[in-house]
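Read through the structures below before going on.
In the two assemblies presented below, chain A is common to both, partnered first by chain B and then by chain C.
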Partner chain A sequence: MKPPQRRLAGAFLAGAGSRLLPASLPWRFFGAAAVFHVLAWLALLAGAADWPAWQGGLGWPLAALHLVTLGTLLCSAIGASLQLLPVATRQPVRSQRLMAALGWIYVPGVAVLTLGMGRAEPHWVAAGAVAVLGALAVYGTLLGLNLKGAHGMPGVVLHGWGAMAALLLLAFSAVALVALWLGRPLLDAAAARGLHLLAAAFGVMGLLAFGLSYVLLPMFALSPVPDERRQLASGAAAIAAIALAMVAAFGVAPTALRLAAIAAGTLALALHLQLMRRTLASGMRRDFGRALVLMRIGWGSLALALGLALALVLGAPAAIFGRLFGIAVVGGWLLSFLFGVLQRILPFLAAMHAARGQKRPPTPSALTLDRALAWHLRCHVAALLALAAATAAGAAALATAAALAGLAGALSFGVFFVVLMQRLRQAREGGKPGAALN
Partner chain B sequence: MREPSHHAMTPSRQVCRSLDEEHRALLEMLGRVEQALVRGTAADLARLVGPLQHHLEHEVGRHFDFEEQQLFPLMADAGDGDMAALLTEEHGHIRAVVAELAPLARAATAEALAPPAATLLKQLLLELLERQVSHIQKETMALLPLLDDLLDEETDRRLAFEYAAG
Partner chain C sequence: MTVAGAPGARTWTADDGLHLDVRGLQAPQPLVLILQMVHEVGPHGVLIVHHDRDPLLLYPELVQIGWWAERIPGEPGEVRLRLAAAP
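Here is the complex of A and B:
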């Protein structure tokens, strides 16, 4: 029987128990993401002196960017989607061996790729890119199989297919950029870079963030699943915006197509925010604390990014506005939203793992070190503001301050993660996690 | 456009409405307890603990028994056995917390508790709050809509009568 949409979120909660992957599979991606997050701010610290003049070439700022995008954002998205999508689309969990292999290839691949970027070694970058792209091909296959057999949730599925298509373009543009660094250009540099940014940030990560929100927010807020026609409308507008901007990146009617892309993107965001607002307004738990603060920062940053994009199209200086746009998209929107989600789903998943065979398993909050998350939020916001100021003022000292604040935040999140793992292990061994440590 | 409200989730069957009303009443009571734990005094908390304990001992037991005996089998027959098993398991966890909470709650209504007992009482109340909210969340989003679809009018009337009489 096909469950009506209004109870899919409930079915999701039930299915999360029966379709729970072995802990080592998703947690290796979440753990790697936490480590890469620390390394990203360390890389920025190493490249802070180069930050004011950086124009996107090889060096530590580029390594920092990819430690965030591939290391933190995509690594978390892989872990979350491998665990959550089979539940949301009521699909069996597919080959666990492939998932394990994916982790073993992807994580070292990202490490080699970013080290190569930091040290400006194109051959290391190429070797890392081969591993990362190979792993992403496996991930894309698993994701595609899941979406192909999906039951229900058409809005989530549309966003998933959009992310899949973007993954292919991400791979193509990555090959073009690596070829460029190796001295064998396949595409014009600006076109390759534009395509890469759009496919990665908006296509893969952005569409996954929008799509998974329609599963996660109702679950957090205890509300019905948002209107599916509007989910589809928002998803279609977002995909159209990305496609228009991609065509513009190849120099086809750039001003007109970019303006159309911004208009479509604004429509997608407006519809998405309307759905999120209704989800929260109709929920039985409307305030889920710090996680919601981070998500709101994320949504606000995406709106800001669209404003900056408009300024760029209208002739604002690209050197400053282009990088402010990047900070708003990657740091402000995607990273803030991700950490808002992670601090809710990691304790939730950990509690489900701890529940196996337990008479009275720990609650998510008993597994959470709340103080660490409070510090993470403060440092995250301070780091983003300092990085924006460093960009606007061209000040390396401010970039150093941003890196130090970000590093403190990343370490705080790392402490939260380590304590979560310790408490999970303690709970599985039959002990009671120390809630008093909160 | 009209803003959707809580009514977007209000069930149509009588038995579901009764359960939903009890969920909302308990959530409201737990919300007041949470406020007292976060911002209130020991006296505020003591005033709320007595009625909460009474509610847990009398109403929640009846509510859980009815669900387990009458509703979860229907859920399992409709192919949602996983969810029925999960909800039954959660009833067990909540009953265990209520059992541990009961003597402390009774003592708290009679006199001010000494620090270790008062701390334990707060911890147990927070645990109860988290477990109940998560449990009601699942029932509101899975059990009640399923029953709304499954029950015919006659079965609904019979179950509603049995629940009211029980």
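Here is the complex of A and C:
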């Protein structure tokens, strides 16, 4: 007898349980990221008066920075990589219990850590850091197992291993910084801070952003896989740039090594952008709207950051240029790129989850509240420009305006996320998502 | 017949429609090839896909363009899908 045929979109996923996570697992990370994004701008609002004179010490500006990096960027990257890497590398999802535990430790850990930073309580920071580092050890293990068993995709895998190595250095530099705040220095403050910035922004997040782009952009644009030799060349140049800058952070031939790092970083970016341009030009879908605008802002901001880094090495005032560099890297590049990606993948993931058991699953666009994303883009750009102006002019009022614009954008993205979850629930209950809210 | 620009992919025509074998290809190449073929066969055609895994990312794309898929029997370890425009 012929086996029964499984029909309709809901049945598609029945045999895919090993690679599609239960909805609650990735969505808890994306939801936490959306909440932390709102809290980041609130923290900046609380610390706007301190912004012009802030030199990187404990306080609300530092809390805002970590609510963005750990809370928004890394939380989203964890959710996205845990769900997408097994799909892309053709492997089963490992230990869902471990993933659930990761969320339960990481999210409260970030909350305690950033609250401790804002209130300048080093012991709270230490307690939060222990939880965050423990959770990141679990994440690193899951990521490492996935990379170890990956089939093909050498460019993505190289970037993944680079991010793993950076995760170790991030943990080491975080411990050194917490030790400094507790009055037990392990490293020179400037070296620890330099290592931390490089490992976190360029090493972990930057390499994940570059590597996952080689899966995500072809998927968004429906185009062939970018040339793998160039992926490897770009990845190798990026890793070399980060390594050179890290050595320079310890005071070893700082000017020469920093110039070499900027040159290697520029080569990495040029190769990466060439691959992205070809991917977009050869795709069946060459324009994916606001998401692509955000990604382009991200790439442009990275180029700007490299220019600012060069100016710093050549003697530009560090107090202003250093913070402009930070805004270009964290806000301009990483945050813009991340939101570009999230705008595309969240409705797709929701549609995949909504398809379970449905005769007519919703389309990704039916799950998306587009107006909220339009407001998010406007406010995001306005906030970054106002923050850069506040830094250049040393004006607390502009920092307040930046925080308010950023908060409006974060709330808009939050509304998009809440509506997406509502429509997903309606779709899974057999309702008609979007009918009431469009 | 091999597919231009995608060594490793094969197509052939049988009584039940156009067949596309994307087994062994790296993501997202199968997704791209399948959607290209969907556009080529048009709204009245049928595409039979031979895959080595359930193509999770394909389904939202199909729904978006008014197509759907059904799982049909295939070889051991194969995910075989019949793709057609939704009625």
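What to note about this one:
Criterion: the second predicted complex is superposed on the first by the 416 of 438 C-alpha atoms of A that agree within 3 Å, B and C clash if a C-alpha of one lies under 4 Å from a C-alpha of the other, contacts with A are read in each partner's own complex, and residues count from 1 in each chain.
Going forward, contacts are C-beta pairs under 8 Å (C-beta built on N, C-alpha and C of every residue); 3 or more make two chains touch, one makes a residue touch a chain.
Note that the structure is a prediction, hence the values are computed from the model and not measured.
In the superposed model, A:P361 makes contact with both chain B and chain C. Looking at the shared chain after the overlay, A:V215 reaches chain C, while chain B stays out of its contact range. In the superposition on chain A, A:L369 makes contact with neither chain B nor chain C.
In the superposition on chain A, A:V87 contacts chain C only, with no contact to chain B.
Within the superposed three-chain model, A:P224 lies in touch with chain B and with chain C [touch as defined at top].
With both structures placed on the common chain, the touch criterion links A:M153 to chain C but leaves chain B unconnected. Using the contact criterion defined above for the overlaid structures, shared-chain residue A:M284 touches chain B and also reaches chain C. When the shared chain is aligned, no partner comes close enough to touch A:L142: not chain B, not chain C. In the superposition on chain A, A:L167 makes contact with neither chain B nor chain C.
Chain A residues 3, 6-7, 9, 11, 13, 15, 218-219, 222-224, 284, 355, 361, 363-365 lie at the interface with chain B in one structure and with chain C in the other.
Residue ranges on chain B touching chain A, taken from their complex, read 3-6, 8-9, 27, 78-80, 82-83, 86, 89, 92-93, 96-97, 123, 126-127, 130-131, 133-134, 136-143, 145-146, 149. Across the complex, chain A meets chain B through its residues 1, 3-4, 6-7, 9-11, 13-15, 17-18, 218-219, 222-224, 278, 281-282, 284-285, 355, 359-361, 363-366, 435-436. Touching chain A in their complex are the following residues of chain C: 5-6, 26-29, 31-32, 35-36, 39, 52-54, 56-57, 59-64, 68-73, 79. Here chain A touches chain C in the complex through residues 2-3, 5-9, 11-13, 15-16, 19-20, 87-90, 151-153, 215, 218-219, 222-225, 284, 347-348, 351-352, 355, 361-365, going by the rule given at the top.
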